[in-house]
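When the chains are written out, they are named A, B, C, D, E and F in that same order, and each has its own residue count from 1.
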Amino acid sequence: MLARRGGSRLNLDELTSQDFSAIAESDPLVILPIGATEEHGSHLPLGTDSFQCEEIVQRLAREFNALVLPPIRYAECRSTRNFPGTISLKSETVQALVTDVLSELARNGISKVIVMSGHAGSGHMAALKLGALRVIEQNADMRVMVLADYDIACDLAGQEFPQDDGHAGQIETSRMLAIRPELVSSERPFGDARPPRHMIVSDPQRYFPSGVMGDSRGASAEKGGRISDYISSRLSDIVAQNFDIPRADGSEERA
Amino acid sequence: MLARRGGSRLNLDELTSQDFSAIAESDPLVILPIGATEEHGSHLPLGTDSFQCEEIVQRLAREFNALVLPPIRYAECRSTRNFPGTISLKSETVQALVTDVLSELARNGISKVIVMSGHAGSGHMAALKLGALRVIEQNADMRVMVLADYDIACDLAGQEFPQDDGHAGQIETSRMLAIRPELVSSERPFGDARPPRHMIVSDPQRYFPSGVMGDSRGASAEKGGRISDYISSRLSDIVAQNFDIPRADGSEERA
Amino acid sequence: MLARRGGSRLNLDELTSQDFSAIAESDPLVILPIGATEEHGSHLPLGTDSFQCEEIVQRLAREFNALVLPPIRYAECRSTRNFPGTISLKSETVQALVTDVLSELARNGISKVIVMSGHAGSGHMAALKLGALRVIEQNADMRVMVLADYDIACDLAGQEFPQDDGHAGQIETSRMLAIRPELVSSERPFGDARPPRHMIVSDPQRYFPSGVMGDSRGASAEKGGRISDYISSRLSDIVAQNFDIPRADGSEERA
Amino acid sequence: MLARRGGSRLNLDELTSQDFSAIAESDPLVILPIGATEEHGSHLPLGTDSFQCEEIVQRLAREFNALVLPPIRYAECRSTRNFPGTISLKSETVQALVTDVLSELARNGISKVIVMSGHAGSGHMAALKLGALRVIEQNADMRVMVLADYDIACDLAGQEFPQDDGHAGQIETSRMLAIRPELVSSERPFGDARPPRHMIVSDPQRYFPSGVMGDSRGASAEKGGRISDYISSRLSDIVAQNFDIPRADGSEERA
Amino acid sequence: MLARRGGSRLNLDELTSQDFSAIAESDPLVILPIGATEEHGSHLPLGTDSFQCEEIVQRLAREFNALVLPPIRYAECRSTRNFPGTISLKSETVQALVTDVLSELARNGISKVIVMSGHAGSGHMAALKLGALRVIEQNADMRVMVLADYDIACDLAGQEFPQDDGHAGQIETSRMLAIRPELVSSERPFGDARPPRHMIVSDPQRYFPSGVMGDSRGASAEKGGRISDYISSRLSDIVAQNFDIPRADGSEERA
Amino acid sequence: MLARRGGSRLNLDELTSQDFSAIAESDPLVILPIGATEEHGSHLPLGTDSFQCEEIVQRLAREFNALVLPPIRYAECRSTRNFPGTISLKSETVQALVTDVLSELARNGISKVIVMSGHAGSGHMAALKLGALRVIEQNADMRVMVLADYDIACDLAGQEFPQDDGHAGQIETSRMLAIRPELVSSERPFGDARPPRHMIVSDPQRYFPSGVMGDSRGASAEKGGRISDYISSRLSDIVAQNFDIPRADGSEERA
């Protein structure tokens, strides 16, 4: 059974109870991908955050022989909450979800967990962290990492990408062109305004009617591939630093 | 854009915000598939409820040109909650999830919704219904159907299948052999006991250590195909009765 | 003091603290009757579920020397919630009530409990079970049975009574004629429709304006007596199977 | 139907939905009796607060042609919470119960309500008042009175009864001797200590191990009768002042 | 560091973590002052309850070498909730606040706590006590006193002050003239009505439009000083009785 | 009365109800200062975040004739939660507090609010923003700014101050030397480690046992004064941009 893990069986819910039980004894890393169903301009699909996150998670899982939990493709979406197609959860629901899933992992003896979010809104991230914290308070031996792949991608803003690139901008458009090009329309919208910083407003969409924060022009699948590589490489190091897990290929460090 | 709907674009999160907005105006049916990550014997994968539910939902969506929301592959799992691999949500979390998603559909002008659950536990179903009820109380024009495909499959117990067929038994094994045979192991466990009716116990797993309620022997992909056909046909009639939606092929009734 | 128990002192709140304490040491069965204040047609009183439940509970208590807690005559009533006279609790309140009462029984060293509901709505039953489950999670030695006497009565539908007999129909009318005839008016309403299955609707009363699901004609006190006997007999066996309690008359099994 | 009201049919749940509906149109007073299941010394039954409250409520209901809701015989009991036989609800549950019942009365068009509590603990009363307040916030036309009959009885402490008479003392013992003498044992305990004022302690029972605050000696049924008369008379005036309801006997004021 | 305590450093948040840690080992009394932002007639400032409470707390802290927590100047204000300037917290928020602060004191090893409230509303006091109770349930060694200085001041009503003196009346006006005369306007309003006892009303302000319950005429700073002395003296005895703490001046009892 | 506002009467709770009412009609800015009681190294007091925040708020209030609410000196403190002296609120409590206070401001007709936090933890800020959002959802005309003065101070890290200056480091030490030098001890601790990024850990204090993130050496009152000036100047512009409020001195822009 364990042999399968070197192969393609990374999705936790494709295992039987007994197979899972055997793997759990080896203290594996388990990853929970959390996406979003959220407006992403006139050119990107509502599931953009999900697709990006899940691609990165699959790479990471292969590298660390990790198990991947069924993805949750909903998030708390604040700035875009009034656009068509956004399905935003309440912050309390996001927290409850993560609390429940992580509690069950703890019951199952899992001690190394990554909650990877495709959506990087600060309220959403805070809910994920608070949920994880509640579980840690009851399970002191558990180590949980909570982060958004988008935040790592943003390292590249100001370098290869425009400084103010953001929601549905050049980075996200490039990544989607690399991963799911058939879901990207031919439009390349541009939006140079945003809701005012620090302000809590009832109509954030009024401040960026395009639904885009940044400039999607100039995006390409090739750039998207480089972004994915960058994120994966950075994540690989972060994970190796924080968890005591060998890489599947036996390497110690990535160049 | 709308043309795509006659084609393969049924997943809501593969649409852009604008495409969704255009489709929403035609008052489409929207379906939320809810699966589970739950022990299913030594032979079926943890995601059995998810896979079965999602297959049925895809059929239904094609028939009624419905939009399919991203599936949630977690449920409240009571009898199996102490087995390895079960990831059970709290009842309150299930309710909150459904409340949030349906509230957002209401905000988006959607008035016809099916919540299709692959897991049929009574506590889980009650949470789904209570969540839907809370949204209906605020949106009196919304019509929501909440049901488990498993409950329809159970019509067949006592007919083609053993009377007491249940969790991970012949029906579920047959369906999985039809849908995802590569995830079914060669074991065919048999369990003739169950937790005592009416009793709330702290150790339900003790009453069916096999994790199976029924007899998986005799299952076949061919039977599984017939079950799916039966469920789809029954569902088609139930949906047509309760919502005023034309079938995609223009037919009035299924034989 | 203990001598009284062979007599008529079955109501827990008629005991002093010390008498209760002495009885509690003998590990008695404790029963919590939960009724409802709910529309029951033009002929039956709002307390129909309470009266039926409490009669059955008194019988059961005599048979097993059980203590009866003060009844709660309120339930979550979903289908009838918009009729005059229904006083429906929120599902969360029902759950909290049961959680609190059972937690206090646990504190008092009680380990055998029956929660007997006169109202059988699935949401209400789910709330009762969830409340009991929360207490069991903290008190693993406690054994709690949660059931509705109505569900046992329904065994008789399709036999002596019409197959589709339901709310305020022939079974309930007969039982009330046997127990509290002075509260039954001379009308015998008939209702052959019901709210659509699986649908969550804001106006369930619209689907059965009579407030009756079934045919109350043909009801009689004599039939009601037989129903009570049947329920008591069945319950007696269920209780004997699930709890290790001698019957008050020393018998091993009922004929 | 309405004619019955001049007679003996005061209990709301003994009415049919239609009878209730007809009466509700006359804008009647509705009373919710709330008792307790709580230690009351070695001589008084656990239901002492319930029995006292319900007797007073029946008198009041007759005087004002009021409808009486099914009693709730549970309260939040703080000082006695560690004694055998006390079944204390959480404060939040008490609040939720009152909120739900009063909300349903509002839905039914009832605008004059008394919540009469047999238990007078300050935390319990606060929960009742907070529940009522939440309903008033949504139903500004509703007038709700929340009070404990015990607080009125306490006017007599320092007059006919000892100044420091309290829980299970001479007043309560006398009232029970008048109402339910068969439930009063022959003991007449005496307790001159109490939990320290202002202190929140984890073991309040340690400060009055007798479970009595006061001196039950000297209690008599005759005194109990006078107390009931006093409470009824005072309540009658309070109700007449605060609600615009004629007395059943047509009198304007009680002597 | 400890030496400072004989001096002026009584405010907990003026200490460093290490200084606090050293003091905490000596098992000091810690006091949490809770005021209010609430209408107090046309002559007293919104912070009247805060100013009065904090003055008393400073005296008490000096006498018992107690540490004073940062004051919370918000309360649940029920009768005055519709007046301009009242900032009323929900009862649940008050409870949560006290629960959190006391839980953290318990984590820090503090076992003697006074929650001193400047606002004496019964709902507010109940919330404070319930919050403290929740913490005591988890920390049985903790001793918490919860009281309102106003309740002690009210001993003087009927003696030096009018029997029915209340909110913003002669006692409060005198105290404010003694403590913060610059915040007291020259008006001396008089209000002889109050919201009806026992009634839960949506418009309590309608019953005392002056916002005053009592007669502020006759107030003086000199009287205010005597009230403060009286409260301090009484509190000193109450604290000495309930906690085992030496007075800073070494005296055993106050005259 | 209004004349006072040009003078020194900026604290809301020093006003009478009527004075507040008159000022409220002029649509003033209202500021809620939120500090913390939190470990700040061996040299800074637990109230460091409160003192810094309140100083900035007073400046801002003078500039914009704003009213200042009574400060709340408690926050959710995550990294420091296990150090002595930290009094951390739960995230839910922080949210409830802000929700309640802002709701009451809305009831009072206030439409321009700043929630200024001295503590900048991301969970704490998320709770403040979520609380504000809940109020905005019910009061669409309200404009609320939520920010931490510390985040503005951090602009200076990497310029005049070390790049990695943080909790209790050179910036905070300098500010405290400028504002409350008597509360700063002579120690100047240095801490170059931090809890690992992205990780949710049960023992964050283990990663920076000094309780300091940065280097407090080199701090001076003179630097602290410059920081305050910088923050005030930046805040002044941010406020002027986001609210339509004239500055008290009539100037249009700060140099």
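As a working rule, a residue touches a chain if its C-beta (ideal position, glycine included) is under 8 Å from a C-beta of that chain, and two chains touch if they have at least 3 such contacts.
Given the structure is predicted, the values throughout are model-derived calculations rather than measurements.
Chains touching both chain B and chain F: A. Rotating chain A by 120 degrees superposes its CA atoms on those of chain E, with the angle stated to the nearest 5.
Distance from chain B peaks, on a Cα-centroid basis, for E. Taking the mean of the C-alpha atoms as each chain's centre, chain A and chain F sit 31 Å apart.
Our note on geometry: chain B versus chain E, Cα centroid distance of 57 Å, whole angstroms. Put simply, the C-alpha centre of chain A and that of chain B have 26 angstrom between them. Within chain F, no positions touching two or more other chains are listed.
If the chains shown are joined wherever they touch, the resulting network closes on itself as one ring, and no chain has more or fewer than two partners. Within the complex formed with chain D, the chain C residues making contact are 11-18, 20-21, 24, 35, 37, 39-47, 50, 69-74, 83-90, 92-93, 96-97, 99-101, 104-105, 108, 183, 185, 211. Interface of chain C with chain B (complex): residues 78, 91, 122-123, 125-127, 129-130, 132-133, 136-137, 140, 142-147, 196-203, 238, 241-242.
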